[in-house]
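One chain, chain A, appears in both complexes that follow, with chain B as partner in the first and chain C in the second.
== the complex of A and B ==
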């Protein structure tokens, strides 16, 4: 029991420190003008968020965050920078009072909304009373898949998952169309040159 | 438990140092190294959190993270090898006067 209590304290401290790091990295991403540095900082941000997800017990989400955020996204951004430029254009700072008011009011409304959210881990929260019991108790019989997350994603939320897959496929095709063409053409050129050289020899 | 506390503290300090290098790092290679260090600290942090909360099976997840981190850094370095990003920024009187 004593061990568990100490564990909670240490976890809380790690949480606070990691969240502080997140804020610092976020501000740095805003301030730094070198886009390569910003890309690397985005990778660090994703890794920190992934650690926080592990602390929240969402290990699968953390894995996705680390793979996509720190791996794939960084590479896509580097490929984009390779096609464009690595210095951010600095526009003359314009203060827009209306925008500030809109952001502050929206943020205040969202924070006010969180006051109604049940506390973290509350067993009487609507999410744990309404659908979860059915999923956890009846999905093994209804679906027959041992892993409940998989059975929910593949059946109860099947159409939603199909939609997600379509969105991701479309995004991947779009990104490949934008980024891929130049490199493919270049590689094909070199291959043709090699072929010609081979034919000549 | 004291040992885990000390380890967690040391990891957070190392994380702070790596972040400092990522902010200051004059060349892009410093920053790539900083990302790599942060990734390694994430792996260790997950393992330590697993033992602190009494779930040693987190070590498996930490190993997957180690693989991801390794592959990710290799991929980033390949991008730098293929393109000319790592070179010093070209001055405007060079070839790209756009």
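== the complex of A and C ==
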């Protein structure tokens, strides 16, 4: 019992530290003007979010976030920066009172909305009494595999996943149409260089 | 970056490990975290590392862009095929359990099949995106 309580305390401390870092990194992304640094900060942000997902026992999501957010997205943004520019254009800051009011009111409404959300880990929360028991109790029997995330993803919500796969494919088609295939035409000097290397070996 | 000898040597050790890990994430997805989506991204990461160190044209000699384009479509088609196959065996769309006499075995076969489709699509699409972005500044 004692050990369990200390576990909760440590988890709370880790949560607070990670969330603080998250806020710091988020503010830094807004303030820093060098886009290369912003790209790196975005990767760090994704990694922090992935760690938070691990703490919430959502390891499948954490793996995705770490691979896509901290890995592939950073590479693609670096490639974009290499094509464009490293410096963000700074516009003269204009004060806009209407925008401030809209943002404050929307933020207040969202925070007010969270007050009705059941506390974290509440067993009587609607999400835990409606479909979860059905999936957690019957899916091992019905599907026969231990990872319930996979069985929900692939069977109970198979059409969703099919839609996702098609969306990803459509994204590639869109990029191909806009940017082209990116096929490198081998220039003569690189071929000569290789011929030299072959002769030497 | 090809003159960094340490990076080249380490990457040659790491790239096979990354590929094996991707396959593990792909085919062990029923028992541990992961699945087609994550595996696809990790698989492509190995080729991205290779392209960063040895040049884009070396990577495109290993996997030509056309191959990536075709595989992206093949993955989606595998998924759709596993969706339609049960229709011919008296089931509904994506109802894998009719694929084999044993319900659980059928479901598992279906899941492995569609995860493979998702993995192929994601890996091919990620590689296509990388090629498109990285191959554009060659003038």
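The rule we apply is simple: the second predicted complex is superposed on the first by the 165 of 201 C-alpha atoms of A that agree within 3 Å, B and C clash if a C-alpha of one lies under 4 Å from a C-alpha of the other, contacts with A are read in each partner's own complex, and residues count from 1 in each chain.
To be clear about the criterion, contacts are C-beta pairs under 8 Å (C-beta built on N, C-alpha and C of every residue); 3 or more make two chains touch, one makes a residue touch a chain.
Being a predicted model, the structure only gives us computed values, none of them experimental.
Within the superposed three-chain model, A:125 lies out of touch with both chain B and chain C [touch as defined at top].
Contacts of A:145 after superposition: chain C is touched, whereas chain B is not reached. By the touch criterion defined above, A:171 reaches chain C but does not reach chain B. Legend: residue contacts after superposition of the two complexes on their common chain; A:73 is shown touching neither chain B nor chain C. After overlaying the two complexes on the shared chain, residue contacts for A:161 are found with chain C alone; chain B is out of touch.
By the touch criterion stated above, A:52 is placed in contact with neither chain B nor chain C. Touch criterion met: A:36 reaches chain B, while chain C stays clear of it. Applying the stated contact rule after C-alpha superposition, one finds that A:22 touches neither chain B nor chain C. Overlap of the chain B and chain C contact sets on chain A: residues 59, 62-63, 67, 71, 75, 79, 82, 183. Touching chain A in their complex are the following residues of chain C: 25, 29-35, 37-38, 41-42, 44-45, 48, 56-57, 60, 64-66, 69, 72-73, 75-76, 79-80, 83, 93-94, 96, 103-105, 107-108, 110-111, 114-115, 117-118, 121-122, 124-126, 128-138.
Against chain B, the residues of chain A that register as touching in their complex are 3-4, 6-7, 10-11, 13-14, 17-18, 21, 24-25, 28, 32, 36-37, 40-41, 43-44, 47-48, 50-51, 54-55, 59, 62-63, 66-67, 70-71, 74-75, 78-79, 81-82, 86-87, 183. Listed in rising order, the residues of chain A touching chain C in the complex are 59-60, 62-64, 67-68, 71-72, 75-76, 79-80, 82-83, 142-147, 149-151, 153-155, 158-159, 161-162, 164-166, 168-169, 171-172, 175-176, 179-186, 190. Of all residues in chain B, only 1, 4-5, 8, 12, 15-16, 18-19, 22-23, 25, 28, 31-32, 34-35, 38-39, 42, 45-46, 49, 52-54, 58, 61, 64-65, 68-69, 71-72, 75-76, 79-80, 82-85, 89 touch chain A in the complex they form.
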